[in-house]
Amino acid sequence: MSYSLEQLSRHVQGTVHGDSQFQIQQLKSLTQASSDDIAFVNGEKYLTQARQSQAGALIVSADLVTTLADQFQLIVVDSPYLAFAQMTHLFADQAEFEGVASTAKIHPSAIIGANVRIGDFAVIGANVRIGDNSQIFPQVHIAENVTIGHSAWIESHVSIFAKATIGDHVRIHANTVIGSEGFGFAPYQGQWHRIAQLGSVRIGNQVRVGSNCSIDRGALDDTVIDDGVILDNLVQVAHNVQIGKHSAVAAKTAIAGSTEIGANCIIGGASAIAGHLTIVDGVQLTGMSMVTKSILQAGVYSSGTGSLDNTAWKKAVVGFRQLSATPINALLKQIKLLTARVDQLESHPNNVDTTHERANTKPE
Amino acid sequence: MSYSLEQLSRHVQGTVHGDSQFQIQQLKSLTQASSDDIAFVNGEKYLTQARQSQAGALIVSADLVTTLADQFQLIVVDSPYLAFAQMTHLFADQAEFEGVASTAKIHPSAIIGANVRIGDFAVIGANVRIGDNSQIFPQVHIAENVTIGHSAWIESHVSIFAKATIGDHVRIHANTVIGSEGFGFAPYQGQWHRIAQLGSVRIGNQVRVGSNCSIDRGALDDTVIDDGVILDNLVQVAHNVQIGKHSAVAAKTAIAGSTEIGANCIIGGASAIAGHLTIVDGVQLTGMSMVTKSILQAGVYSSGTGSLDNTAWKKAVVGFRQLSATPINALLKQIKLLTARVDQLESHPNNVDTTHERANTKPE
Amino acid sequence: MSYSLEQLSRHVQGTVHGDSQFQIQQLKSLTQASSDDIAFVNGEKYLTQARQSQAGALIVSADLVTTLADQFQLIVVDSPYLAFAQMTHLFADQAEFEGVASTAKIHPSAIIGANVRIGDFAVIGANVRIGDNSQIFPQVHIAENVTIGHSAWIESHVSIFAKATIGDHVRIHANTVIGSEGFGFAPYQGQWHRIAQLGSVRIGNQVRVGSNCSIDRGALDDTVIDDGVILDNLVQVAHNVQIGKHSAVAAKTAIAGSTEIGANCIIGGASAIAGHLTIVDGVQLTGMSMVTKSILQAGVYSSGTGSLDNTAWKKAVVGFRQLSATPINALLKQIKLLTARVDQLESHPNNVDTTHERANTKPE
C-alpha cells in the first residue's frame, strides 16, 4: 500500500512541489514520520515542528511553500487538515470478511443489495432492506422491517429494532443499540406502568454513531437524527429526540426525551441535556455541560466548576452552600447601603441623618 | 391491527361515549392523529390542543366529556395517561422470531418453560432455568446456573452471569450486562490485587433494565434490584448496590458500590451516587446530581450549576474559586461588624467607642 | 469446594492459630458467615463486629491474635485485606465452556495457544494470535491481526479491532469494544469529514477492563493502556489517550482524546477529563470530577457542588450566577475600602479626609 505523490495529490485535489513519482509508504504525524512517509502541517504554528520532522513529504497550504520547499517534497492544498482527513482513507485497512457468511441467518424476505458483506452469525430479520456496498459485521442483529441505505458500515454486536430507517453512508460502531424501547412509564398508585413505544428511529445520510450508544425509538412519533450528524461513543439519545444536520455530540453525553437540538451544534463530552428542551442551531456546549433550560441563542455555553485541590474545593463548596442563604446581590445591596451611610457621615459628620432607614443595611 | 372503541374501552376499563363499533387504526399524539386514530387528553391543559386535533376518538377523564363529546368519540376513564399506557400494548408490534431457533446453543441440562422463544445464536448455559412465555432474543448469552422467571423479554446481545436470579415479567434491553465482575481490588505495594467476586445479582419481578447497562455481581453478598424497579439506558449499578421497590433510575446514572437506594425514589439522568451511602425511600434527585453523602430524608435534591453563557460562566467559576479563601459567611460577618460601627458613628458621631474591636472587621 | 485452614493459610502465606484441619465451606462477610465459614477482619475498627460474628475462622493481623484466639480459629497474615483478595480466587466459580466450540468461526490463519477455550459463535479473524490458557467467551468478535497474550479472559460480546495488541493476564468484561474508530472529523464548510483512524490500541499485562467500555484506536499513533491498569464499567477512552501503570479508573469516566494520565492515579467514577491534557503520576480525582486543565502536581482534586435540598440549591445557583457579575474578591475589596473609611471616621470623626477616593468603594 504505497502511493506516489501524484496519486496522493490527485486524491486531495492538490498540486505537487517536487518529485511527483516519490513513493509514500505511510501517513504519519510530524514527529513520527520517517523519510518515506507523509505528514501534514496544520498552519503556521506547526512550522517549527515541521522543520524538525523526518518526513519525506508534507501536506501544506500555499503560504508555507517557499519556507518548506527546500527541505521537503510538498503537496499544496487549500486546507491541509481536510486533505489529511481525505488521505487517511487511502491508508486505512479494510474489513476482513467478504460476501455473505454461510453462518449468517437471513430471513428469506429480506432484500440485500449488490456487493453487500454480511459477517458470521449476523441475524437479518423479515423484510429488512440493506442497500448496495454495505458491510454488516459478524453477530449484528437487524430486526424485522429495518431499512438501511447503501454503503453502510455496521460493526459487530450492533442491535437495530423498531422498523428503523437508516440512510446512506451511515457508520454505526460496535455494540450500539438503535430502536430499543424508550423509557416511558405512567406512574399510577405507586407503580410504573409501561408505555409500549410505537414510534421509530429515523437516521439520515452520512450519519456516524459511535460504539456502545443507545438511541431509543419514539413513544408515538419518531426519534430523528438528521443528515451529517456525528455521535461519539456511549451517547444516550432518548425517545423523540431530534438532532439537526451536521451537529456533533461527544462521548458520554445524554439527551433526554423529546429535546430538539438544532443544526451545526457541537455538544461537549459527558454533557447532560434535560428533556423537552429546544437548543437552537449553532449552539456549542463545553464538556460536562448541564442543560436544564432551552437555549434560544447561538453561542458557547458552559456549566460546572472545574477541578480544584480537594482542600480548597471543600471550602468553596461550603461557600457555594452559603449562597443559598445569602446571594451575592444581597451582600452587594448591604455594602451599597453601608457605603451611602459612610458617604453621609463623611459629608456631614456632625449632622447624621437619623431618619436613615438603618434596618435595610443590617445583615439578616 | 384495528380495534373497535368497545374493544379498546374494555382493555382500559373505560366507557364509550359515541359509536362503540367505531374502528380505530392507530394510537397517536393529538397533533399527529387523523380521523381513524385515537389520542389521549392528559388533563385540562391540553384542551385547546384536543379541540384542534383531527383524531377520530379521544381518551378523556369524566370532567371533559361535556366539552368534547360533540366533536369526538370518547373513551372515558379515571386516568387518561394510564389508559394510554395500557392501550399502547394493543398497538405494539411483536418480535419476529418464534419457537426455539435451531441455531441456538442450549445446554442439555437447561430447563426451558412452555412457549419460550429463543433466537438464533443464543447461548444458554448449564442448569439455566427460563420460565414460560419468555422471549430470548438472538445472540443472547445466559451463562450457567442463571434463573429467569416467566414472561421475560431479553433482547439481543444481553449477557447474564454469576448465577443471577431474575423474577417474572422482567425486561432487559439490548447489550446490557448482568452479573459481570464487580470492581473490587485490594491495593498492596502499589499494585491492584483482584478480589474475585463471589456474590450474585438478584432481580425482582416487573423490573425493567434499559440497553447498555452494567449491573455487577456482589463481592460476597448480592447486588439486589427489587420488584418494580425501572432502569433507563447506560446505567451503572456497582457490586452490592440495593435498589428498593418501584424506584426509577434515568439514563447514564452511576451508583457506586454498596449504596442502598430506598423504595419509590426517582433518580434523574446522568447522576452519580458515591459508594456506601444510604438514600431513603421517596428521594428524588434532579438530573446530573452528584451525591457524596447519605440522604436520610425524603424530598427533592439537586446539585451542579446549570449552563451559562461561556463568558459569564468563566467569571462565575473565578468567583467560585474565590469562595475557598473567603466564604460568604465571612463576608457577612465583616459587613455586620462594619454596620455596627457605622450604627455607633451615626448615634454618637462625636463619641466613637475606640475600644471597639476593629480587627474583626478587617478583611483578612 | 471446601478447604482446610492449612490449605487456605498456605495460599495466603499465613499461619494457623487453632485446628489446621478445620474445614471451611465458604468465604463470607463477618455478618453473614456461619460456623463453617471464614471471614476477614480489616483492622481494629472491625473488632466489635468480629466478636459478634458466627464465623468459624477469621483472617487477622498479628496484633489481633490474643484478642480473638479464644473465640475463633485464626489465619494470621500481614495484610488481611490482601489475604482476603487472594482467597476469593479459591472460592470463585469457573466458566462453563471447555475447549474450542465447534460453532466458533476461527480463521485458518489464526494461531491459538494451548488450553484455550473458545465459546460458541465466537468469531476469530485472520492472523489473530491468542496465548495459552486464554478464555474467549461465546459471541466474542476478535477481528483480523489482533494479538492477545496468555491467560486472557474475554467475556461475551466483546469486540476487538484495529490490530490491537493485548498483553498477558488481561481481563475484558462483557460487551466492551476495543479498537473501534476514534472520533476524528475535519470540519470544512459546515460538514464533518471523517478521518480514518490508522493507529491501534496497545494494552499491557494484568490490565482489567470492565463491561460496556469503549477504547478507541488512535488516529495516527496508538492508544495505550499500560501494565496493571484497572478500568471499571462504561468507561470511555478516546483515541490516543495514554494511561500509566497501575492507575485505576472508576465507572462511567470519560477521557477525551490525546490526554495522558500518569501512573498510580485513581480517577473517581463519572469523571470527565478534557482532551490534550497531562495528568501526572499519583493524582487522585474524587467522583464526578470535571478536569479542563492539566494537573501537574500529585494530590487529590475535586469539582462540582454536591447535592442540596432543591429549594436551597436553586438559591445557591442564583448566587453562583451573580458571581459572574460580582466576584468575591470585588466584594472583599469594597469592604476593605469601606472599613478604611470607617477607621478614618472613628479616628477623626470631625476631620474627615474628603480627598478619600470614594469612587472605589461604590458598588458598580
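In order of appearance the chains are A, B and C, and numbering begins at 1 in each one.
Note that in this section a residue touches a chain if its C-beta (ideal position, glycine included) is under 8 Å from a C-beta of that chain, and two chains touch if they have at least 3 such contacts.
Chain labels with UniProt names: A, B, C = UDP-3-O-acylglucosamine N-acyltransferase.
All figures in this text were calculated on a predicted structure; none of them were measured in a lab.
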**Message:** Are the interface residues of chain B and chain C largely the same numbers on each copy, more than half shared, or largely different?
**Reply:** different
**Fill in**
One copy, chain A, sits on the other, chain C, after a C-alpha rotation whose size in degrees, in steps of 5, is 120
**Message:** Distance between chain B and chain C based on Cα centroids, please, to the nearest Å.
**Reply:** 24
**Sequence positions of chain B contacting 2 or more other chains** = 121, 139, 157, 175, 212, 234, 252, 286, 304-306, 308, 313-314, 319-320, 323, 325-326, 328, 331, 335, 338, 342, 345, 349-350
**chain A partner contacts - residues on chain B that touch it in the complex** = 26-29, 32, 79, 81-82, 84-86, 88-89, 91-93, 95-97, 101, 103, 119-121, 137-139, 155-157, 171, 173-175, 208, 210-212, 228, 230, 232-234, 246, 248, 250-252, 264, 269-270, 286-288, 304-310, 313-314, 317, 319-321, 323-329, 331-332, 335-336, 338-339, 342-343, 345-347, 349-350
**Message:** Give the list of chain B residues in touch with chain C in this complex.
**Reply:** 105, 107, 121, 123, 125-126, 139, 141, 143-144, 157, 159, 161, 163, 175-177, 180-181, 183-186, 188, 190-198, 212-214, 216, 220-221, 234, 236, 238, 252, 254, 256, 272, 274, 285-286, 289-293, 295, 299-306, 308, 312-316, 318-320, 322-323, 325-326, 328, 331, 334-335, 338, 341-342, 345, 349-350, 352, 354, 356, 358, 361-363
